[in-house]
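Down below is the structure, laid out as structure tokens.
Order as written gives the chain letters A, B, C and D; numbering starts at 1 within each chain.
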Amino acid sequence: MPKLTYLQAISDAMREEMRADEDVFVMGEDIGVFGGAFKVTDGFIDEFGPQRVMDTPLAESGIIGTAIGASFEGLKPICEMQFSDFIACGFDQLVNVAGKMFYRQGLSVNITVRLPSGGGFSGGPFHSQNPEAWFMHSPGLKVVAPSTAEDAKGLLIKAIHDPNPVVFMEHKHLYRRVKGEVPAGRYETPFTARIAREGEDLTVIAYGAMVHTALEATENIDGASIEVLDLRSLVPLDEEAILASVRKTSKVVIIDEANRTCAAGAQVAAIIAEKAWEDLDGPVVRVATPDVPIPFSPPLEQAVLPQVDDVKEAVRELLAY
Amino acid sequence: MPKLTYLQAISDAMREEMRADEDVFVMGEDIGVFGGAFKVTDGFIDEFGPQRVMDTPLAESGIIGTAIGASFEGLKPICEMQFSDFIACGFDQLVNVAGKMFYRQGLSVNITVRLPSGGGFSGGPFHSQNPEAWFMHSPGLKVVAPSTAEDAKGLLIKAIHDPNPVVFMEHKHLYRRVKGEVPAGRYETPFTARIAREGEDLTVIAYGAMVHTALEATENIDGASIEVLDLRSLVPLDEEAILASVRKTSKVVIIDEANRTCAAGAQVAAIIAEKAWEDLDGPVVRVATPDVPIPFSPPLEQAVLPQVDDVKEAVRELLAY
Amino acid sequence: MATETARIAEAASASEHLTAEDRVGLLRAMLMMRAIEERAMTLYRQGKVPGSFYDGYGQEAVSAGAAWAMAPQDRLCILHRDLAAHVIRGVTPARIFAQYMGREGGVTNGREGNVHFGDRHLGCVGMVSMLPDMMVIATGLAMAFKLRGEARCAITWFGDGSTSRGDFHEAMNWAGVQKLPVIFVLENNQYAYSTPLDQQFAVDPVERAAAYGFPGRTVDGNDAEAMFDATREARERAIGGGGPTLIEAVTMRMHGHAAHDDMKYVPKEQVEEWRAKDPIDRQARRVEELGHDVNALRAEVKAEVEAGVEEALAMPMPDGDGATAQLFADEPALLSDGRGPWSGFARSGSDA
Amino acid sequence: MATETARIAEAASASEHLTAEDRVGLLRAMLMMRAIEERAMTLYRQGKVPGSFYDGYGQEAVSAGAAWAMAPQDRLCILHRDLAAHVIRGVTPARIFAQYMGREGGVTNGREGNVHFGDRHLGCVGMVSMLPDMMVIATGLAMAFKLRGEARCAITWFGDGSTSRGDFHEAMNWAGVQKLPVIFVLENNQYAYSTPLDQQFAVDPVERAAAYGFPGRTVDGNDAEAMFDATREARERAIGGGGPTLIEAVTMRMHGHAAHDDMKYVPKEQVEEWRAKDPIDRQARRVEELGHDVNALRAEVKAEVEAGVEEALAMPMPDGDGATAQLFADEPALLSDGRGPWSGFARSGSDA
């Protein structure tokens, strides 16, 4: 199998779908001639032409809204936000029009919204955000967040096939840092969790970039056997996988790169406290970015984003509990 | 002390502040001549004139953004969204400009954003939302949600005095249904929780309209002694009060009128699972609106919004645990 | 006497593209809209319609005239004062009353309320409350037509107040840049809730169209045939690749914003002045001129409406158990064609 | 020969409102902007500037000319190609370099990066990335001035691409309806990242101003004195109660969107054509005509910049422990006045 980066896997997914299905097209700012701010659609315009690789005006509400309208006729737009942060400018169309249309009117909205998200490279307050929790709290949207190249491709293909609006969280910091074997052709990765590493003593739950932080932090931690659960999908959220792992290990650490309050990890913790309370041998521990904007300067950014050592410390403490 | 409705208390807070401080003014759609969709600013334009009771164009981003700009010069705008649902159209200005400005630039944003929220009267998917969790997950914003007339006035006055952006959740269903003694004059209610009823056996945590549901449901429940904690403020969140009550009763039911996933109640549950796990004698139980838009037709709406009987059942089950 | 001649002139001012049936059909759609909304208001007062209730009394010509010019394969994003468009596309009175009353048999099966509906099987999209989000949606529909090279057109309506929001601009600019087959009908009814025009904009928004690179024209919004003709022309341009058109329909909101609104903020004279321009009276005079029995038509509509109310009242309320079902689609559920009754389509194949 | 006469004409085309010092001051601000940005680019390549780096090479006249016309008590929302405006208001090179490098002594103490800063003590608001949100903020500042009856003015800059977003419209319409003292400077530098004008709008946005009820005028964005004069005039109108003005500054983005962008999408000829119109060369010629020693000025600026770099490099990086402090303000922290060096203010009291 070819080895691809996380970014190449995302490109690959779109290329395969666009080749196989002419209803699929991509739209966004600077994605055509320029190939996108991160070059995810590099070369697409040459293969598919400017109509299916649409450079749009600088208008996020316009991007989401026109994509929704086009989807009503059977097209399957893939919208790229230049940075996930800018979805705030298309927020209303996404949560109020896309999210509620099928429930209200029985009219499906087959759009995929790609959100390059996350920090770790001095992007500052407006190029580092992880907004997924906003959308988990907006009924009618599905939300997925791959951590590996293989899942990035498979989840994106499934998102494109899904007749519902899917928010695809792609972590900028993984684009070129993560590489892996990626099957050729069109395959779907289910919207379920994945055990990134089997373990017996404690479960670390994460998604996106934090899965790698979790794996690195627990690779060899006083010989303990640590399970790492990669959620992959936030809506739907794989409750069974979460509960099964917690029942097995009885101890859980949940990591969020997003701001702590009302983050995905808060929901996971709440589910465990509701449904696996009897199985716990210790408190539910969370490691998350505190509730501040993501600062620019490296020492400040590192101080707020969860680091390998932060996870190590949390795991050690809980193991010793 | 005069008895005022929840709505009159809100009007009273603004009137007192506008009389005392000419930097305070109100702005929004149809709040002037018409007195607001819910008549909260009825008569204001006669007392304070059209400049300080500003009818704006139909433009939520414009309302939030111009308020922010005006606040940089020391004005203290109170923005009314006609319904909380429409804040989605001013979302970017609120979370990205207002929320982050002081942290980024040391420039404070003294605006108060009033969000008439909540369901229960067939408002349908776009006139019933409870969006507070979006803002709890947006660093730099404070969020308060009164349940009584007295707190509505005191929290709003404190919000107006607070040099930071404060999202004021006012529940439409309480406007005329809740009445109580409200002190005259200008007083601040702290951004902390309030024990709505002392109890020993179990704690019900709620805010806004759900406080009344909680009180009614537990008024006389098999003679059990139920504590009801009214959060009042969601940011800052009164962790101490939450933990103190849970330590006392060892059992907790958390109610959200908002959609379940990543709601305020998820954050409260997570805090308890992290910091009061040892004190629990049973799982953390949540009663919340399922993850769907709020339907219009009464039987459907009642089926999704937490009802007194739902809370009763949850409390009984946990008591019996 | 003067009014007499005026009337004849008016009656004469029919579009050359309308047959006698078309002209009767337009009147019928307007009568149906008014009768349904008046009847629904009674049901509302009787407590049978939950929530709030909005109507388009006095604005019937705007939606009727414009919708009449749209073909079955065209797509409509219909707003809250535009009931005649739903009627013309083929939504029955019974389903509309059931919609208002939150019944199982309503267009949205009780999930949505009042005017927040659109029958996807008739090529219509159910509006969201956020104004004017549907302008962007209509632009997206038009984008789909252009991407596929189809001779089809999208249309949407929106009010004077809605022109102040960002989505108005993003839709207008996008449609102009991409030259999309979309028609924007600005329903200028003098007020946005209680807000008069001069607090909404400094210059009539019809002037903006040119700055977006396409024509904007003002039409008498109380003349159904003029609305039809302007829309027909705009549609011709659109499907011919000429791009969007902004049509400003000048009319008056004769009732309050919603049932609860007593309209104190509107000068009595203004209402009286506009009452004299009632769009239904006007079309009725034309149809009479044609020798058609308007009273019979009124009676027929009334009967249909009453039957619709009976039918709707017999429908059950939805079952709460279904409230959480179907949040997500298992398979695509798209738009399909509706009715396009204009004789012009019949004459020359439906993509005339 | 022809160029020779052109040059003289150019040199002559000074604003009558500018003294010799003003004209030198304008050149100095532009030289400072370019020198700082070129030096910062080197630091960026050396890895001393984290994140990305944006500059305004070739656009120096737009921010310099406009900012020169603003009084101390006026307020500025400065964007990402407008460094000269910060310089004119009084931000020192050392604090700017420290800002780029994320040092403790930078304008935002390392919390914000690159161009995302504004010194509130100098009447400037630090931009957010979301474009053009600051147009609405500037409108709000102007609203405050009007509410208080103060003869003050707000100004903001934004690019051609930014005109496509809803906030452009909400700000323009709001300012027009309320006739607010705000100046909108549309910095038309031919591209929005890689996107050319014709994919952004069908008609030059300067045409929109009239539809919002206020004047829009196009100015040579590479002529600092023309920019000054247009802004001075707009400010006069604004503080006189005449309302907003849209100034379109036509210029060219001579570098990539940011440091990483090789600008492959820009035709070489276009860049060459504009290089000949360099705004600094032009102002330098004028200042030479005045008999001023431009080389000495360049040397002086270079020295100041080098000193600034040294100073900034000596500043510590911020301590991570402070990262979560001061999320909320304990007391109001508002804007205060900055520098307004134009001689006209000195002559007639600072609210000239």
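Rule of thumb we're sticking to: contacts are C-beta pairs under 8 Å (C-beta built on N, C-alpha and C of every residue); 3 or more make two chains touch, one makes a residue touch a chain.
Being a predicted model, the structure only gives us computed values, none of them experimental.
Trainee: Compared with chain A, which chain's mean CA position is the farthest off?
Mentor: In terms of C-alpha centroids, the chain at the greatest distance from chain A is C.
Trainee: Using the average of all C-alpha atoms in each chain as its centre, how far is it in Å between chain B and chain C?
Mentor: Taking the average C-alpha coordinate of chain B and of chain C, the gap between them is 37 Å.
Trainee: Averaging over Cα atoms per chain, report the distance between chain C and chain D in Å.
Mentor: 47
Trainee: Please tell me the distance, in whole Å, between the geometric centres of chain A and chain B computed from their C-alpha atoms.
Mentor: Each chain's C-alpha centroid was found; their separation is 30 Å.
Trainee: Where in chain C do residues touch two or more of the other chains?
Mentor: In chain C, the residues touching two or more other chains are 108, 111-112, 116, 128-130, 164-167, 170, 173-174, 177, 199-201, 327.
Trainee: Would you mind listing the residues of chain A that make contact with two or more other chains?
Mentor: Within chain A, residues 56-57, 59, 61-62, 85, 88-89, 92, 96, 100, 103-104, 125-126, 139-140, 291-293 contact more than one other chain.
Trainee: Mapping chain-to-chain touches, which pattern fits: line, ring, star, complete or other?
Mentor: Basically all the chains touch each other, so complete.
Trainee: Can you tell me which positions in chain B touch chain A when the two form their complex?
Mentor: Within the complex, chain B contacts chain A at residues 85, 88-89, 91-92, 95-96, 99-100, 103-104, 125-126, 133-134, 136-140, 235, 237, 258-259, 261-267, 269-270, 272-275, 277-278, 280, 282-286, 291-293.
Trainee: Which positions of chain D touch chain B when the two form their complex?
Mentor: Within the complex, chain D touches chain B at residues 75, 108, 111-112, 116-118, 120, 125-126, 128-130, 133, 136-145, 147-148, 154, 166-167, 170-171, 173-174, 177, 326-335.
Trainee: Touching chain C in the complex: which residues of chain D?
Mentor: Residues in contact with chain C: 164-170, 173-174, 176-177, 179, 198-203, 205, 207-208, 210-214.
Trainee: Where on chain D does chain A make contact in their complex?
Mentor: The contact residues of chain D facing chain A are 50-51, 102-103, 108, 110-114, 116, 128-131, 161-162, 164-167, 192-195, 199-201, 265, 317-324, 327.
Trainee: Could you pull out which chain A residues touch chain C in their complex?
Mentor: 25, 51-52, 56-57, 59, 61-62, 65-75, 92-93, 96-97, 100-108, 110, 139-140, 142, 163-164
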